[in-house]
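Here come two complexes built around chain A, the first alongside chain B, the second alongside chain C.
The block that comes next holds the complex of A and B.
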């Protein structure tokens, strides 16, 4: 029997689900092995009878929590899809600023009309069984994650830094070009797509298990980055994780 | 020895291309990578170092081991029969590295995949007359001269190459070709001149004698330097990817979505990565970055020497070049040597 699968989204651009759609086009056999019962971006039918939930997006307001918990209760397996669900994503940049200022900046004098709180990854709200990282996720990694689930195991993602993959593609190291890169502290799995296109890594796949932040900051300083620029660089995708490392978790 | 006039080099390579895949360093964005050349004009013999060492043609970063069918439980080995390949312009450090890999892959459980590629590969090396880059310390490691068991070795004499043939496989690359001349007396003189003149060009070096390296490392197991350097190490693993003698691999299974057709593959691993020494149950035998770093150095400078009689470092300097935290073998080993010295002197003055 094919496992029943549902897709959900919270605060996100839904680009990861678009990538899932693209994966379905590239691997149509996916539909032979799973049954999709809910996928707002792709189909009208909708059922709440599912075993596997793929959730995109971060949790950015208290009222999201209930819905997220509901999914957790129904699904046997919950997978966080993409940087927002995995890391809080770019939504978490605001966590380093006073929330009231942020609300005023976005909503002006209507700021009290809208509910919000510091952005957080799914794992801050419920137990997450596995993640498919990235902004957006990688197509092949999604297909591989499904393969692993069908085998009865949790999706395995790389636990080593991007430099490993980047070196194997024989890219010119961004540091040797005099540019900057978060490759040494970022989880691999994207095949070094940004450095391969001449752009340093921004860390969208999150930190490796034991990142040496002191040393990467030193490497960035050496390439002429100021402390402010370094903080900014580490906040695009890594705000929640770096704040957590500093012992700060939003209420 | 034979002589190949430089103007005949391209003609030789074109002849080789008729029967072989010819691989050589190619410039790309200011660095060099080994690639198959499509045209003899692309050939470069004078290059700084390559990003990945030529070992990638013998031990690919990702290699199929066998195929299986999970429904019928059948399996079949996947040993790629490569076409005859010539790797051109290897620096002698890389040649020494392959000598070590040959020994490792040919001892005990011989690696069939490596052997299959190695059998079909002929190596054309080139004498290094000046350091290929600042970080190269080949002279200290004894790899600045061609090792035994080379195939064809070229020495640049200005308008011509001196061509030494070291094996039957090498002989076959030049056999019957009128492009190669017999040397005259003056050629031998020039070889001697070039060879004598090159050594002073290499001044970046180890402060201790290379034969002392295993002892130095044994005596430095508890050095505080490992923690100091471990603190700066990013654990990015680049040093192990670019190393011409690293051969550790991880084994993975891949299967299609219908869970039927699969492959077991191996991929290059890295001892600097946190998970490398984790065993079932979750225990990590090398739990700190300092220990992982120390392991890498001891392996290169001590363990491999004890197992195979050859050092695991050939002084190519690639790891130093690629390290974003500027950790260099010369810096680290010289510091160890320097820190040992006062202690030794103290000990000898006591006795």
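The block that comes next holds the complex of A and C.
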């Protein structure tokens, strides 16, 4: 029997689900082996009878926690899709700022009308079985994840740094090009797409296991970056992870 | 039906989370809201304190569908603030890249989000079996649009090589020639798209409103230009607040906007109504075939205006590639800032309408930011359309009324997760 699959999104740009749609378009054979029973962005039909849940987005308000837990209760397997779900992503940048100030800046004296709290990855709310990292996710990695699930195993992601893929792609190192890059501390799996396009890695796939943060900061300092600029770079996608390493988790 | 309650929780086949709530009691419409229940996202607040060259990478994450549009408006705001003048090559590459996004987004909307309603389906998926040619065509067109963006900026969601003052990678002439060939071949798909829309029966609902779009005298404008209104008047981009006049309403985490009337409309239909004369002749012919001429006041026909733009962008992309090949692609360093402090407004008419980014930068650091998103500008207009629509269709079944309302909301191609972080910041 085809596994029943549902897609959900919380605070996000829905770019990962668009990447999923794109993957399904390029690999229509995937639709032959799974049954999509819920995908609000693409279809009206919906059923809450599913085994695998793919969730995009961060949890950014208390009332979303219950919905996320409901999905966990229903699904046998929950996969976090993309940097927002995996890491808190761009949403977590605001965790470094006083929340009240952030709310007031956007909604002024109406700031209490709209519920919010510090952004967090799904794993801060429920047990997550596997992640598909990236901002956005990589098409091939999504297709591979589905393949792994059909084979009865959890999607595996690389546990080595981006630099390895970047070398295999035969890019000239961004540091040798006079620029900066988070490749040495970032999990591989995107084929070093940003360095290949002339931009340093921003860490959207999250930290590699046991990252040497001291060493990357030293390398960035040598390139003339100030402590503030280094903090900013490390907080684009890695705010939640680095704060967690410092023992800080939001209430 | 003298009493009616419609409560569509999380409208499907739109980007983001919105509810339609309609209440009719004894024949009187007492509530008619499009509730925006998306979580607030606070982009303007998180931009503060960031280096100027990070802004486009952060703000492209506002939206997975119009990521190139956000990056473009963001870069233009930064460039205005810091006195950066991009080269002709950069301008041409950005326009070409932008067409890729319009094509991708419009094809997605027409084929995957709108067409199923008119064909009595809940999604495009059953069509893969019943109308494989239609689905394959949509996929072919989307893939071409995606490949166009990938060639120019790395990927459509989220662009990589677009940067302040230029690009960090450049297409090879052979890549551009290959794209040109596919664009020329895509004319047949464009024709078939127009034929598809000719066969759809759009609801005969009309309501005149104010239409707002970017405008230039010399082209069908998507980037820069001035702000034009169908009610008259052309304003410089810097005066955008006099057009958008944002207000906060309790049932929407996205703000509402009004200009010279109670509401206004942005998007393909507004661009078509205002800039019709500057459409490529083939696009004008497509409009003719659809019976579409300015000013068209049926909001359901936004999808038809999008199809006209698909033709225009395909043709204009071919012309842009010819220009680029004629000039020859050079590996240019991005144009540098001439100052490190300043304030600037950037604008782009993205698939869903006019988008404004406004930054204040001090010593290279962003200290104030304001982003005004098309869907936010459309919300008040959608609600007024709903109010005008419902009394005329109360003789139908609840199911039919609900579908008509959902189709109306979908016609605007709303991008809800984008729109929930607008604000009106006073820069100090």
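Rule of thumb we're sticking to: the second predicted complex is superposed on the first by the 251 of 251 C-alpha atoms of A that agree within 3 Å, B and C clash if a C-alpha of one lies under 4 Å from a C-alpha of the other, contacts with A are read in each partner's own complex, and residues count from 1 in each chain.
As a working rule, a contact is a pair of C-beta atoms (placed from the backbone, for glycine too) under 8 Å apart; a residue touches a chain by one contact, two chains touch by 3 or more.
Note that the structure is predicted; figures quoted are calculated from it, not measured.
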Quiz item: If you stack the two complexes on chain A, which partner ends up touching A:103: first (chain B), second (chain C), both, or neither?
Solution: second
Quiz item: Between chain B (first) and chain C (second), which does A:10 come into contact with in this model arrangement: first, second, both, or neither?
Solution: second
Quiz item: Now for A:22: first (chain B), second (chain C), both, or neither, which partner does it touch?
Solution: second
Practice problem: Could you say whether A:112 touches chain B, chain C, both of them, or neither, answering first, second, both or neither? | Solution: neither
Quiz prompt | chain B or chain C, by number of chain A residues touched | solution = C
Quiz prompt | Which of chain B and chain C A:151 touches, first, second, both or neither | solution = first
Exercise. Give one of first, second, both or neither to describe whether A:246 is in contact with chain B, with chain C, with both, or with none.
Key: neither
Exercise. Look at A:61 in the shared chain and tell me whether it touches chain B only, chain C only, both, or neither; answer first, second, both or neither.
Key: second
Quiz item: Both chain B and chain C touch chain A; at which residues?
Solution: none
Quiz item: Across the complex, what residues on chain A touch chain C?
Solution: 10-19, 21-22, 25-26, 28, 31, 36, 39-46, 60-61, 64, 89-91, 93-94, 97, 101-103, 105-108, 110, 113-116, 135-136, 193-194, 196-199, 202, 229, 232, 236
Practice problem: Could you pull out which chain A residues touch chain B in their complex? | Solution: 27, 29-30, 32-33, 143-144, 146-147, 150-151, 159-161, 163-164, 167-168, 170, 172-173, 175-176, 183-185, 208-210, 212, 214-216, 218-219
Exercise. State the interface residues of chain B toward chain A in the complex, per the touch definition above.
Key: 28-31, 33, 51-52, 61, 231-238, 241-242, 254-259, 268, 270, 273-275, 289, 321-322, 324-325
Exercise. Please give the residue numbers of chain C that touch chain A in the complex, ascending.
Key: 10, 12-16, 39-42, 44-46, 48-51, 54, 57-58, 61-65, 67, 108, 112, 116, 122-125, 128, 139, 142-143, 146, 153-155, 157-158, 160-161, 163, 167-169, 248, 250, 253, 417-418, 421-425
